[in-house]
Amino acid sequence: MRHLLDTRNLDRATALRILDIAEDMADTQSREVKKLPTLRGKTVVNLFFEDSTRTRISFEAAAKRLSADVINFAAKGSSVSKGESLKDTAQTLEAIGADAVVIRHPASGAPQTLATSGWISAGVVNAGDGTHEHPTQALLDAFTIRKRRFGADSRGRDLAGLHVVIVGDVLHSRVARSNVWLLATLGADVTLVAPPTLVPQNVSLWPARVVYDLDEALEQSPDAVMMLRIQLERMNAAYFPTEREYSRRWGLDALRVAALPEGSIVMHPGPMNRGLEISSEAADSPRSTVLEQVTNGVSIRMAVLYLLLAGERDDERGGDL
Amino acid sequence: MSTRTVLQEADIARALTRIAHEILESNRGSEDLVLLGIPTRGVTLAHRLAALIGGIAQTQTPVGSLDITLFRDDLSKHPTRSPHPTDIPAGGIDGKTVVLVDDVLFSGRSIRAALDAIQSIGRPAVVRLAILVDRGHRELPIRPDFIGKNIPSARTERVNVRLHENDGAEEVTIGA
Amino acid sequence: MSETLVITGAQLIGAKSADIVVENGVISEIGTGLGRAGARVIDADGLVALPGLVDLHTHLREPGYEASETILTGTKAAAAGGFTAVFAMPNTSPVADTAGVVEQELALGEAAGYATVQPIGAVTLGQKGERLAELGAMATSRAKVRVFSDDGFCVFDPLIMRRALEYVKSFDGVIAQHAQDPRLTEGAQMNEGTVSAELGLAGWPAVAEESIIARDVLLAEHVGSRLHVCHLSTAGSVDIIRWAKKRGIAVTAEVTPHHLLLTDELVRGYDARFKVNPPLRRQEDVLAVREGLADGTIDIVATDHAPHPSENKACEWQAAANGMVGLESALRVVHQSMVQTGLLGWADIARVMSATPARIGRLSGHGAPLEVGSPAHITLYDPSVEGVFGESDLHGRSVNSPYLGRALPGRVEHTVHAGVVTVAGGAVVQELDA
């Protein structure tokens, strides 16, 4: 795998391979010695143009568990008038000898620009670009759903027949986009729930159903309910009138969570707005996978870094494995 | 085509039976024995040895698999390999006599990786190595404790082990 | 003084091949077997002869942004594309909202000599949309400004737009509106549609263009004024113009070559060469604007040539500037999208790329048909060749073209501006004697 930029273009075989290797990585994390020598001598740079301690330390942990060297580069948001350009930053990393660049950037498409520019020879992992994609999040979410459903028998399995409901600001959510593509690739059935103002105009072509009413969606007995973080700044652009109204109509409160079928899980990519999109009852219930998602995130990121860095390098254009 | 068969089904069976006896002899019985096969065919052979040991000593010997992919030193020379599962038996390996089982011993690097893998899992009392075929050309100071057959080979030749459970046939061949 | 030219064997519109003689900057004779002693002979066998092209929408960047383009380099690019006149948009620094700046632009264009530069004046001071600029002063200046635009920005305040439309009536001026509702397009990066939803780029909905055009044609009707719509890009906009013209409203519209050919699918890959305002739209919109240009709903082609330095394009999409250079490729792109598809003939090309732009902009001496007595602004184009468009085809200071690497038909072989040869044998003449 030369780069991991999105799940839109991630084929089923590669996706399953990542999930299965993550199983192996997860197994090593329960050993006496969690560290593996696999990526010793490789340098992974975390190039974060947006603040994100959680994702950054997850990638850092993943790289270190594989004995790679980690360099953290917290760059200013790129704008023409201040801060170094993406091109100059990238070329500096190339000069340092980065083998992989994990990039989080506020501009959609920045990882793709970086990967196709010819500025660097390192592999690129998209850790979240604007409102476009967050592929490792979707992969760890799929891993979590699979693990909860199939346990020790997860290897090799896809998510065919499982129904996932994703609730929240779909319009601005890279987590939603990445999940829609990956879940569909893995055979799951996806329903998106949001106020009409937070659904993209042309979502009818996506492999997902759109429903405005949360209760209607939950009546379909989903296997997983994924709550997305709502950004309060959206209130100022009139996407919804008040927090209270949002929470009442689209929040996973105690009543709704109690009505979920046995075995349904509640997911959230974090950080949570407790009491807004997700109640404490939901977040703290045994159904909640919030903490496992974090652990699984490290395993998934270990698998991704392994696939990017362990084997022989593909030439220039490189595609998949 | 100069592929010749060096071990046939009966030869393999005899070699494994002998190794099973040798393991019991060297361990003075079957106590604290754990067999760990290196995927893929090492695991098959480990299961067969466990069955043979069970037949001789009337005991159940724990068997597991030990994947070495993540510990190899030659990853960047090949296309990316997918790891296989590592399955350590319930009693663990701390304080045990671990017998690593593999089909072919060549440069010794796989076994070096296996030793590193073991070290990340626990601390056996003793680690031994059982090999079906030793083809020479060691690059590291590794030597097997139990050998099925020594087969001299040229570096460029390929030694192929085929087992019923994995390949639907049973033989060891060497050829170009 | 320009030299005497004898152009032989050119294909004039609606005629068989003929010779054209140019003397003292004017077409003095048209016939066959013509000659003049000491004249420079241009062999135009197989070449289509068009009146010099006129671009109603060009960004020459001078004064203020000379790193991207200057009036000299921009008019060289224009000549390379077969243009003999360009209307220079006022989003310079300082903004062209005074007689002083427009006269400076005029002078720089005259000094360069490659094409006639006709300045466009800003509608509002600094293009801020709050107060009218001194439109009258610009109209009576040496630059004789008749076209006014805040291009880059929409004249959004309906009252200001109304006043501007009314005010320019006194000197036969026209307001050229950049139709973009700023509230509906805050932070917009590309056309709002299927592709933007997938790519996570903020959308620029068609309705933000259409709603302004709808408002403006009604205002123009109400005050009895002319209106020109810049770079029209959507099917809905074409429908509104068609409706307005049927009602007798004095509205004209332009379409860019890129909106005749390229769609928003090209944005996949986030290559900022395809970032432009208004954005590339859907295939349905491309087909609708082609039809609109063919049936006269859209009056002209205008390039919206917008040079940018490479650091403003070789970066992530969000940080990139909007715009494409287009002077050198315009005729070839229109050839591919409109002539090769049978929607327009060469007579129509002369109309939409020369005569009508000159008329809308009230630029006398340009756009006249190639006849005896017309000023010698001539473009000789070879429609039979094809080539891959490359940086060597660009003659301005910037290279932000969406056509690099793309096969395009045709080649401008010669351009003559006021009797002076500015392009010979496909190459820009570096030193003009005039």
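Note that the chains take the letters A, B and C in the order they are written out, and that residue 1 is the start of every chain.
As a working rule, a residue touches a chain if its C-beta (ideal position, glycine included) is under 8 Å from a C-beta of that chain, and two chains touch if they have at least 3 such contacts.
Source: prediction; values computed, not measured.
The fewest steps needed to get from chain B to chain C, moving only between touching chains, is 2. With centres computed from CA atoms alone, A is the chain lying nearest the middle of all the protein shown. When chain centres are set by their Cα atoms, the one at the greatest distance from chain A is C.
Separation between the centroids of chain B and chain C, computed from CA atoms only, is 77 Å. Once the centre of each chain is set as its mean CA position, chain A and chain B turn out to be 40 Å apart. Distance between chain centres (mean CA atoms), chain A to chain C: 46 Å. Contacts with at least two other chains are made by no residue of chain C. Residue positions of chain B with contacts to 2 or more other chains are absent.
Counting partners per residue, chain A has no residue that reaches two or more other chains. The residues of chain A lying in touch with chain C in their complex are 8, 78-80, 85-87, 105-110, 112-113, 116-117, 129-133, 174, 177, 200-203, 205-206.
Touching chain B in their complex are the following residues of chain A: 1, 17, 20-21, 23-24, 27-28, 31-38, 66, 155, 306-307, 310-313, 321. Partner chain A is touched in their complex by these residues of chain C: 189, 192-194, 196-203, 205, 269-270, 272, 311-312, 314-319.
Across the complex, chain A is touched by residues 67, 70-72, 75-86, 116, 119-122 of chain B.
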